[in-house]
Amino acid sequence: MIVPMSIRITEDEIDVTAETAALTRGRTDIGAVVAFTGICRDDEDGERIAALVLDHYPGMAETEIARHVEEAEARWPLLGVRIVHRVGRIKPGEVIVLAVTASAHRRAAFEAAEFLMDYLKTRAPFWKKVERAAGTSWIEARGEDDAAAARWRDRPKRDAAE
Amino acid sequence: MIVPMSIRITEDEIDVTAETAALTRGRTDIGAVVAFTGICRDDEDGERIAALVLDHYPGMAETEIARHVEEAEARWPLLGVRIVHRVGRIKPGEVIVLAVTASAHRRAAFEAAEFLMDYLKTRAPFWKKVERAAGTSWIEARGEDDAAAARWRDRPKRDAAE
Amino acid sequence: MKILYFAWIRERVGKAEEEIELPASVQTVGDLVQWLGGRGEQYAHAFENRQVVRAAIDRIHVRPEAKITGAREIALFPPMTGG
Amino acid sequence: MKILYFAWIRERVGKAEEEIELPASVQTVGDLVQWLGGRGEQYAHAFENRQVVRAAIDRIHVRPEAKITGAREIALFPPMTGG
């Protein structure tokens, strides 16, 4: 089955509603939708920030995300996936990333969304820089994100209840 | 900390956008939002359906959901929870339930949303009846939903990475 | 005692709620379900499979062995299928 | 060979990409990173901690021991922090 998949990288603000609606419009086979929204917080390690600036590797970012979406589709019975990642300067309260998964039942939608986010955090070529009053600095990768991504590696495929 | 919590049971169509926006509006401490949407499918066990009719126990439904939201807030560092459950006649494509969780980081938001849905499925006093061309019938509880809810029971509290 | 019924138990009993004077011998939820089952054809049908009947006393889930003393309302219903 | 830099590696090197003629001795990604580190102060600073440098050949993640023969573009960058 061809699963509708949309991957987009944009400098514009992300319209969560429109993106989510696009996945379910006119469909009556979808029973569960999980929408994860990653939002720019106003602090990083307890320090106030003015903005995040996201760098990315154009071309590789899209294909790397697509590879993981295909992997998710092989693991879970999905009916749709939509990922939008913002780049450029992002202010606190604005959406950085949106990952929406749709399936007939909830478990597949939940697991696929979490899987995609774990991989986006550690394998997709994006880098975050923090703007503070005192200057700018690059965010360091977190070991716990690697651990979160690693836990999917040893799991058999199609283990989610359909 | 007081976590904004909203629980609502309604006969009207659920506005996912407005509900989700209400949770994050004006906030810059939220880094992750997970919105689960349960949607009425047009088939049940391979048979075409015309609608679902949801019965519930007014009064108990709200308090039972509130109890589980409090449990979720004790387990994960949440910054907001919003649950809307529809009752009455629901047509294919329409939203049955919306559960939105917000936290500083993604793991807590994902786990809390999944926890709440597993409990809503098995402990909240709602009952689904299916309308088909051939007549109506009540949906039977699924053993896998009980299993899904049971897996949270043995987990220590506050085990999610913050 | 106020007794509420939901879903197909309500449909089989033929009413959503009723006020019933219970005999002293009915002490637990299990006793109540058994006693109701003896109240006529519709009740017998509603409670024919006691294993699947769930109960709440004053809006809190309870097991069949729960005492009903002091209860304001008792609800009887099939396994829940919300969400 | 086209070499791309991202994030703080780009800032330290002082450019986003460059075309470089590599000596025959540079056979793997690890060789490349070591060789680049010897190209002057800015490169030395960018590649001072080789453990944290990640690489992609033609937009696919590779390990330091990956051969660079036949590559069209090689990207060097710190661990990713997207999402």
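In this document, chain identifiers A, B, C and D correspond to the written order of the chains, with residue numbering beginning at 1 in each.
Keep in mind that, in the parts below, a contact is a pair of C-beta atoms (placed from the backbone, for glycine too) under 8 Å apart; a residue touches a chain by one contact, two chains touch by 3 or more.
Keep in mind that this is a model prediction, so the values were computed, not measured.
Visitor: Note down the smallest number of touching-chain steps it takes to go from chain B to chain C.
Guide: Minimum step count, chain B to chain C: 1.
Visitor: Which chain's mean C-alpha position is the greatest distance from chain A's?
Guide: C
Visitor: CA centre of chain A versus CA centre of chain C: separation in Å?
Guide: About 47 Å, centre to centre.
Visitor: Distance between chain A and chain D based on Cα centroids, please, to the nearest Å.
Guide: Chain A and chain D have C-alpha centres separated by 26 Å.
Visitor: Which integer distance in Å separates the CA centroid of chain C from that of chain D?
Guide: Roughly 72 Å, centre to centre.
Visitor: Hey, what residues on chain A touch two or more of the other chains?
Guide: 38, 106, 117
Visitor: For chain D, write out the residues touching at least two other chains, lowest number first.
Guide: 83
Visitor: Considering every pair of chains, which are in touch?
Guide: A-B, A-D, B-C
Visitor: Please give the residue numbers of chain D that touch chain A in the complex, ascending.
Guide: These residues of chain D touch chain A: 4, 6-8, 10, 56, 59-61, 75, 77-83.
Visitor: Which residues of chain A touch chain B in their complex?
Guide: Chain A reaches chain B through residues 16-17, 20, 24, 26-43, 92-93, 104, 106-107, 109-110, 113-114, 117, 144, 148, 161.
Visitor: Can you tell me which positions in chain B touch chain C when the two form their complex?
Guide: Where chain B meets chain C, its residues are 38, 54-57, 59-61, 63-64, 85, 96-97, 117, 120-129, 138-141.
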